[in-house]
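You will see chain A twice below: alongside chain B first, and alongside chain C after that.
This part shows the complex of A and B:
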């Protein structure tokens, strides 16, 4: 079984948020429920100020702290599914301990006040147990893996588009959107990336492109000191997180 | 012995009706808003996921644990001077924990699912799993111990064993509750292996405040109406223990504050400097709710006065409630990995629904307390037990 990993080249990423939009459309997430996001950081001051940005999916950690803290095993790491961390919405009690424990802030409890108006939950009231029911919905729904539109009172997160990658032929080293035979299996954020800054493949396959990129281009993992050991690697300059500092609104 | 207990009369009935109304109103308001808006009725979000309902639960759970530990003074360590408050300690510990759990139940996304998902999941790596197990055991032991006291079995071997089990259960439950926060290395404000000690000490302080307040309340705030042994305790050892606990609590808070302010890490430093100490509410709570009662009770003449004791208990209620709130929220206000999406320290203030849950929990304590005072003799102690009735037949005394 593959161990799915993602490589993001920050020297190519333009911070355009196409990945965020594609993820939201693919997975029917609400505004603010950004399973995939691009985070912007400012450092320094004029004239030497710099702006950096980091695309941030769920890191699908090898040692996921969210899994360790979940009191009901609703959050679990599925090695049979490529090491993806899932949430079983049938078991989640909505205690939000996983949101506390995730160092990367990739978990969302969408049953909260809307980020923007109009509130889409009010515009498209939930049916059949869903938190909200938009007119278009992704065809795949699997609550045992946290795929689809969630019910009320549970936490949601990125699934590495398991509903797509799980359909890929066994033994595929890389899911490359440029390969016509594989493009349907590529995660939405990877497939849509205009500058092709994202790569997706099998970290257990020494011949995979993702492994070569990590090895040849000195791939790093964010916040590696946490010990969570993400399955998402970053290439290029700027793969670090500036310490939090308060900024005054002008 | 208990004729002077005003809770058994019309004053108690009046308080019962009033607190019942507040409880029902609090529950009704929260339930109505949550039915209409779901958890959007709360002001929590992805940055501050745990808000006032969690801090309220924490406050109640630790006050309960504190009362459990105080009950161990006579029941485990055999300091007989404290027998007159043992039964009330156990009862208060039980009802305050029940009330805390009621607030928590309203906060969770799927409370009833927890009943089967927790035992079937058996996720022994999760401190929250153990919180469920240990507080369930805590409740069980409290109930069992109370049942033995109700049967006037104070000193049998079985009672002592239950008392020791309960004492250990309380230590484990509240210590584990601390570790829910203290083991989170990704939340530096909380990450602290000594947090269980902090929780024990502050828990006993809030338990003591509850004991003082509710004991006086039972006698209409008139110490002259108390049974002699209880009166003696309230004039002697208990206020000294109260002031000691407050002193240690204040010291511990200061140690955390100083190390936090000294730390360079913004997740600790800024929480103290720009969130906690920037809040006038925190200052009022700390100086007025912890230091002031400590100073008042330091005075040998003041600390024996019933009015001062009750006032200090009420001040400590507020002081430690705020302490729990700023502890829970403070651990989350520095945005975690959000970049400039989270521009500044996260803003959180409890919504009316969240406040209504806090009032619901507090009112529930009063409801159960008055019922307990009416139904049981909570001031009972071995001294009041008729000779020969202190042990069940065949039980071997160990004291």
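This part shows the complex of A and C:
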């Protein structure tokens, strides 16, 4: 089985949030409860102010802290599914220990006050055990993997679009959205990325493009000191480009 | 009574060839949470046939069906045939029956037991809750008959383990106001060793009536059988699966028996004490989510948001103190308050970033999630991605908001979970 990994090139990323929108549409998440988003920061002051941004999906860690602390074994790492960390909504009791343990803040509990008004949970009341039931819903549903619209009282997270990538032919080294045969299997955020800043492939395949990118462009993992070993790599943006320095006046 | 109710059906034999020992998955603490290290049943097993893993107990060869595991289980998840399964003592209806109730073990030949005695496979299989419930029906006393064999019995030991349960039940009942003269006790009433049955008979052999027993039966002096004590058979420990609080029947029986005696709440001797360091508590409420019996519960009232603690349902499993990431909570065996009481109250603030209410912020203006977002781009992360550390200016720049230092309890949980994670994968 492949070990799915994502590479995000911060040199190319424009922070347009198309990935966030695509993810929400694909996975029917509530507004504001984005399984993947882009964080923005600014530093410095005029005239040398800079803006930085960081796309942030679930890192699908190889040593997931969330799995280690889960008191009901609801969240688990599925090596048969490419090392994706899933939440079994049938087991999750919504204690949110995983949210405290996750160093990346990519787990969500949507039962509380909505982040975006109006509250769509009230506009589309839940049916058949769903937290909310919008009229538009993706066809995929698998509560044992946290796919579909969640029930009440559970934590949810990015699934690397398992419902798509699991359909890819076995042994595919890279899921490239430009390949007409493969594009349907590409995670929504990767497929939609306008500047093509995201790559998705098999980290266990030495021939895969993601492995080459990580090797050639010195991919880094976020917060490596935690030992979580994410399966998401960033191609260091400014690492080789010195930031603007204001010239000292004599 | 209702052997076909869903709760009763949930009890399944641990092994197909040992029908006497049954188990309900939802009641087992290690099954409910890998962070629980409960192994009470395995530690109680006199022959070491029981082991507990994350799928629950498993039974090797050599089971004596003595019931010590069932007596040790804090939630009543294990049952052994032959022991009384009592309904909870009723507050109003006290069934006053004359004379003390004598309890005898199955190794004693039936004809040598006193008439009307309650016969159980082993005295060590009676827990404090059952003893207290028996006391509620027999205010004149519950007397466990020590025949002088326990030390040499494979299910026994020296001192006999039933002493602990008797001491606990008697201590709680007396503290609640019961007459010490009539509290459950052990009475030495030796029989010659050669009259003992060589081992604990199985239920079939126990039920078979000997010739002498038959005559007694015909004479209208039938010895009491365990069957008449099965009035609480339909009650199970977990009505709604793993996520629902379970009913810990041993604890419920003890508390109900105490409430029959006194209305002043649970005496300190039988009331676990929750000690909370409010300065450390961050009101995650993981403890309340995981408390197997719902003794800890999250509340919001006029004083703020926090926790309530009910000593009546606490079984002292200490899962709460183990899972607390801040190490703020300790549970003591005794010395607690008598009734449900508030444990913590925190003021509620509103996050300046996402607008959601949060508690226990200690003067911070952002919720824990938004603080984590900020921390993501400080120090090592920022340097690795963008090449140089950020300057600490600008409203969005996360300066001086480093995470609170690593907590020992949290990391202990992490490493425990990590080991279990690798165990399961290998």
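Everything that follows uses one rule, which is that the second predicted complex is superposed on the first by the 236 of 250 C-alpha atoms of A that agree within 3 Å, B and C clash if a C-alpha of one lies under 4 Å from a C-alpha of the other, contacts with A are read in each partner's own complex, and residues count from 1 in each chain.
Heads up, the rule we're going with is that contacts are C-beta pairs under 8 Å (C-beta built on N, C-alpha and C of every residue); 3 or more make two chains touch, one makes a residue touch a chain.
Everything numeric in this text was worked out from a predicted model, so none of it was measured.
Clashing of chain B with chain C is the outcome of superposition onto chain A.
Judged by the touch definition given at the top, the superposed model places A:63 against chain C, while chain B stays out of reach.
Contacts of A:220 after superposition: chain C is touched, whereas chain B is not reached. Once the two complexes are laid over each other on the shared chain, residue contacts for A:152 go to chain B alone; chain C is not touched. Touch criterion not met for A:12: it reaches neither chain B nor chain C. Within the superposed three-chain model, A:113 lies in touch with chain B and with chain C [touch as defined at top].
Contact with both chain B and chain C is seen for A:105 once the two complexes are overlaid on the shared chain. By the touch criterion defined above, A:247 reaches chain B but does not reach chain C. The clash between chain C and chain B in the superposition falls on 347-355, which is one of the stretches 203-211, 347-355 or 383-391. In the three-chain superposition model, chain A touches both chain B and chain C at residues 39-42, 54, 56, 65, 68-73, 91, 93-97, 99-101, 103-105, 112-113, 223, 241, 243. The touching residues of chain C, counted against chain A in their complex, run 32-35, 54, 242-243, 284-286, 289-290, 323, 325, 354-357, 368-369, 372-373, 376-377, 380-382, 384-388, 390-391, 393-394, 396-398, 410, 413-415, 417-418, 421, 425. Looking at the complex, you find that chain A touches chain C at residues 10, 39-45, 49, 52, 54, 56, 63, 65, 67-73, 77, 79, 91, 93-97, 99-101, 103-105, 112-113, 115, 220, 222-225, 234, 236-243.
By the touch rule above, chain A contacts chain B in their complex via residues 32, 37, 39-42, 53-54, 56, 65, 68-74, 91-97, 99-105, 107-109, 111-114, 121, 131, 152-154, 223, 226, 241, 243-247, 249. Put simply, chain B touches chain A in their complex at residues 38-40, 42-46, 49-50, 108-111, 113-114, 117-118, 120-123, 125-129, 131-132, 180, 184-187, 265-267, 270, 274, 332, 334-341, 343-345.
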